[in-house]
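Chain IDs A, B, C and D follow the sequence of writing; residue 1 opens each chain.
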Amino acid sequence: MSAGASVSLHELNAFDRQRFVSTLGAIYENSPWVAEAAAADRPYSSLSALHERMSGVVLKADESRKLTLLNAHPDLAGKAARAGTLTAESEAEQKDAGLDRLSEKEFFEFHRLNETYRKKFGFPFIICVRRHSKDSLFRQFDLRTKNDQAVERNAALKEVIRIAALRLNQRVAGVDQLNVNGRLSTHVLDAYSGRPAQGVALELHELSQVGSDHLIVAGVTNIDGRTDGPLISGRPVPIGGYELRFALGDYFRRSGIILPDPPFLDKVPVRFSIADPESHYHVPLLATPWSYSIYRGS
Amino acid sequence: MSAGASVSLHELNAFDRQRFVSTLGAIYENSPWVAEAAAADRPYSSLSALHERMSGVVLKADESRKLTLLNAHPDLAGKAARAGTLTAESEAEQKDAGLDRLSEKEFFEFHRLNETYRKKFGFPFIICVRRHSKDSLFRQFDLRTKNDQAVERNAALKEVIRIAALRLNQRVAGVDQLNVNGRLSTHVLDAYSGRPAQGVALELHELSQVGSDHLIVAGVTNIDGRTDGPLISGRPVPIGGYELRFALGDYFRRSGIILPDPPFLDKVPVRFSIADPESHYHVPLLATPWSYSIYRGS
Amino acid sequence: MSAGASVSLHELNAFDRQRFVSTLGAIYENSPWVAEAAAADRPYSSLSALHERMSGVVLKADESRKLTLLNAHPDLAGKAARAGTLTAESEAEQKDAGLDRLSEKEFFEFHRLNETYRKKFGFPFIICVRRHSKDSLFRQFDLRTKNDQAVERNAALKEVIRIAALRLNQRVAGVDQLNVNGRLSTHVLDAYSGRPAQGVALELHELSQVGSDHLIVAGVTNIDGRTDGPLISGRPVPIGGYELRFALGDYFRRSGIILPDPPFLDKVPVRFSIADPESHYHVPLLATPWSYSIYRGS
Amino acid sequence: MSAGASVSLHELNAFDRQRFVSTLGAIYENSPWVAEAAAADRPYSSLSALHERMSGVVLKADESRKLTLLNAHPDLAGKAARAGTLTAESEAEQKDAGLDRLSEKEFFEFHRLNETYRKKFGFPFIICVRRHSKDSLFRQFDLRTKNDQAVERNAALKEVIRIAALRLNQRVAGVDQLNVNGRLSTHVLDAYSGRPAQGVALELHELSQVGSDHLIVAGVTNIDGRTDGPLISGRPVPIGGYELRFALGDYFRRSGIILPDPPFLDKVPVRFSIADPESHYHVPLLATPWSYSIYRGS
């Protein structure tokens, strides 16, 4: 069964032990023993129950087994990634975080950080990359390398379980039972005309202090002043800095309003940060040609 | 008498003809005949009356004299500037607009534009540089080179008179009688605590699409939430794009408010353009850790 | 079949002629001939198609029949209402608009207006009362009585058709195909804490200049900062003046914020008017203890 | 010397003892001994120094003298007021607070409260009435009657000194050295057109729960969007509830904007309370035909 395919909880409950383990063996990186231990307690009434059981297996394992689990993980942006020998899951996750597009300098910086970390703790730096921007990854590297052994071992296991939750959520079809995803959305209101602003071009950029900013998504507001779908959804919203850019001047000019040249407001940048990847961030813009408000809405 | 010194209208009215002309001879570039013509009509009851008389002399001159006046002006960012042979007034004005800090590429671009313009119209491109950012200068070059001869000759004379108004306003001491200056100011209100936001670090940048952005002024808000003086004043506010950057995250963190890490709002950029250099632009920020409003105030 | 029961379009299409007419005979007040004429053209593919056909019958009728139709309507808040001899439909509509709770003075004022109108035009004043507040009814009386005969006859027929659309929409089950309903909703955002404001008590009042204000609905915001249902929905939002009152001081005090005594903001009144009964009016409040914004949202 | 006339500090320092005492004898109600004690320490370098000395005389007096001072005050809205036998100062202060316009019911309520208070404490209820609305006076009566003897005696003396500060500030000409006054102002910004809103009619009402609301001042905004003077100034801003009412609909209609009928926003009420009478409350309105913001500004 390929990494992309998904099964229902119902099917999982009915699988024979071997098929259950082969289906969920990769939830914990290179560690099918977690799925094996969980197979016996079927049926599971919910995805949460299954996740809780599997993470319980990990947390109750003895220290040497925990260490083995941690060491079953690849380096972040490491040689395995370059050599193409990652598991399908790790490859997708690292690629998603842009770790396959590192500059030579960034690659060596990650290498250096990995070495320092591994030397101090005896296992690779593990982090649920989907919850972080590149800047946030560097920052976590920095912060966590300062931890002591016991604190950091717990931190690493917590990340292992976060990775597993996301993999499980993706692997098992159905409603989003695990609350592992967040959402980022926007809405443009035209306070000049008292209606949703339709046709406002906008862009969402990820800001970076270590690398360069990059465009995540571009769109245009619909008749309700919203983009047709959320800007980010179906995944955690990576911790990091963002900028929404609204082409407000073009919108009002097209509305037939006579604006000064250049208009007082043209491209409106709204800069904000995400700290809680599993939350809904709604960032509406309420605007006239001469004023605007933004806020964290709901 | 040096370019910097200033006289009162009262003194000007009392000067002998020669001293009047030597004092105001440079108001119109290399054209003391304008001051000469105006000397006879003294006394002037106001600076406006004097300015109106001098500009009237120019507008009523015959075409060949007007052309001579236009040709008495140097190229914008031209060889004279490089060679240091500008009049004191032109040198100060061009320097103020950053035309002494052009890159090699920009210098040649100006040179090319000057040649094209001069070839078409038979006189140099004249513009009241203090009213424009570098981007706006390039844009005006582009727009005006498309004019026909008659329209452009009027446009050039209008700029000559604008330059004269600013020089006159600076040369003659007293209240700002000529309404040639604008103002840009800001104000930060803390809607979380219901009081002016004191201690907010802020920067004003000029944005450029042809060159690079540059910092105009940095400051910190005082107990009234304002900077101690306006961000720009005592001169026209150059037509162009600007960005105010407010260190809002630092302010709220210092206020003892517990913010997420990273905070939802940290550096807040407010991007706007100036179209009317002689106006007062007040751009206040009303903020909480989760929202802000900006508007053109008064 | 009672006035309250509803049928599906499918059933209507299948009814025999007599049952069709008895079901829809009251859509046009005391005028089953409209349904009779429409029965022949079945089946109808949509409620809109049926409504268009029935209103077409009315508009194409000769003048004397139109006049008969107009005269088949009762006086607004008239003697028939007092005597309890209205059709079930008219009774429900007039009651809904508060016309059964008139003061003696208002009753005589309506009586006087009815007499004046009828004397001028030869038929009773007809209006789709569900689209109006009491103040708006008085105003319409006043405005329409000034019309000339031809204009007013058209105005009256337009109202007859509006009444029919609402009756049809209520009578025939299914989705709201006729777009005859509007909606009024609110939302409270706490910009102090960056989240929806839960537990804000609020009231919606209808304002009246001819009578007294009255409470339409009271509620409390839920975890999403909204009321559990819209404030007004499933009907036109009556044209008129409204005031939303938000108990903002109580909310912030309960949040543990130390407020001045008395708090700067306590009961926040938001006064607005509805002009378009078939629209969605969303009126959110974005507030801190020291500031608030309201706007027509979507 | 009449109550209204004022002297300079310089003059006061130069007066003979008798004239000094006759000038400041009424600063403390019917208690010229305070001025007598302060006369010896002249000259005073500032009004603050004089106020501090006089209040020091009061605070250092023995208990029986303090009690005599308290008893030298009239009842609030009492029989003396009705009989016209108040000191000029007390009469002006009580009149200013509207205590000369009480209904029969309010008069008897004050009478009852005075009796209860005096019976408990042995001296009349004293309060600096200029700092309170009528509602706030009733509330203070209620709260302070619950105090114990020692706490209340201090509270009463504090009020005596507040009254003295206001009288002194009014009696002695010059700058407002005593910081006893507050200010209430507004400002209307038109975010539709990006300029101050000129010509907006507005009213300030004092709200009352015990009596009826009353109009304090009405005005129209000038070219800068402000009223020509503050709404309240040159005195403390009475603690209490207020409503500003802005005729926003009329303003936008006059601006030539086509509005719905009725307009979404017409009379805009802004309700707020004052808790700190010596502060500056600036309450601006930023509006479009479809939205507005208010906040405590500066």
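The rule is short, and it goes like this: contacts are C-beta pairs under 8 Å (C-beta built on N, C-alpha and C of every residue); 3 or more make two chains touch, one makes a residue touch a chain.
Since the model is a prediction, treat every value here as computed from it, not as a measurement.
Put simply, the chain farthest from chain D by mean CA position is A.
Chain A and chain C, compared by their mean Cα positions, are separated by 48 Å. Averaging Cα coordinates per chain places chain A and chain D 58 Å apart.
Residue numbers of chain C whose C-beta contacts span two or more other chains: 191, 194, 264, 286, 290-291, 293, 295-296. Arrangement of the chains shown, judged by which pairs touch: all-to-all, with no pair of chains left without contact.
Residues of chain C touching chain A in their complex: 187, 189, 191, 194-196, 224-225, 286, 293, 295-298.
On the side of chain A, the complex with chain D involves touching residues 191-194, 264, 286, 288-291, 293.
Remark: chain C residues 239-241, 260-269, 271-276, 290-296 touch chain D in the complex.
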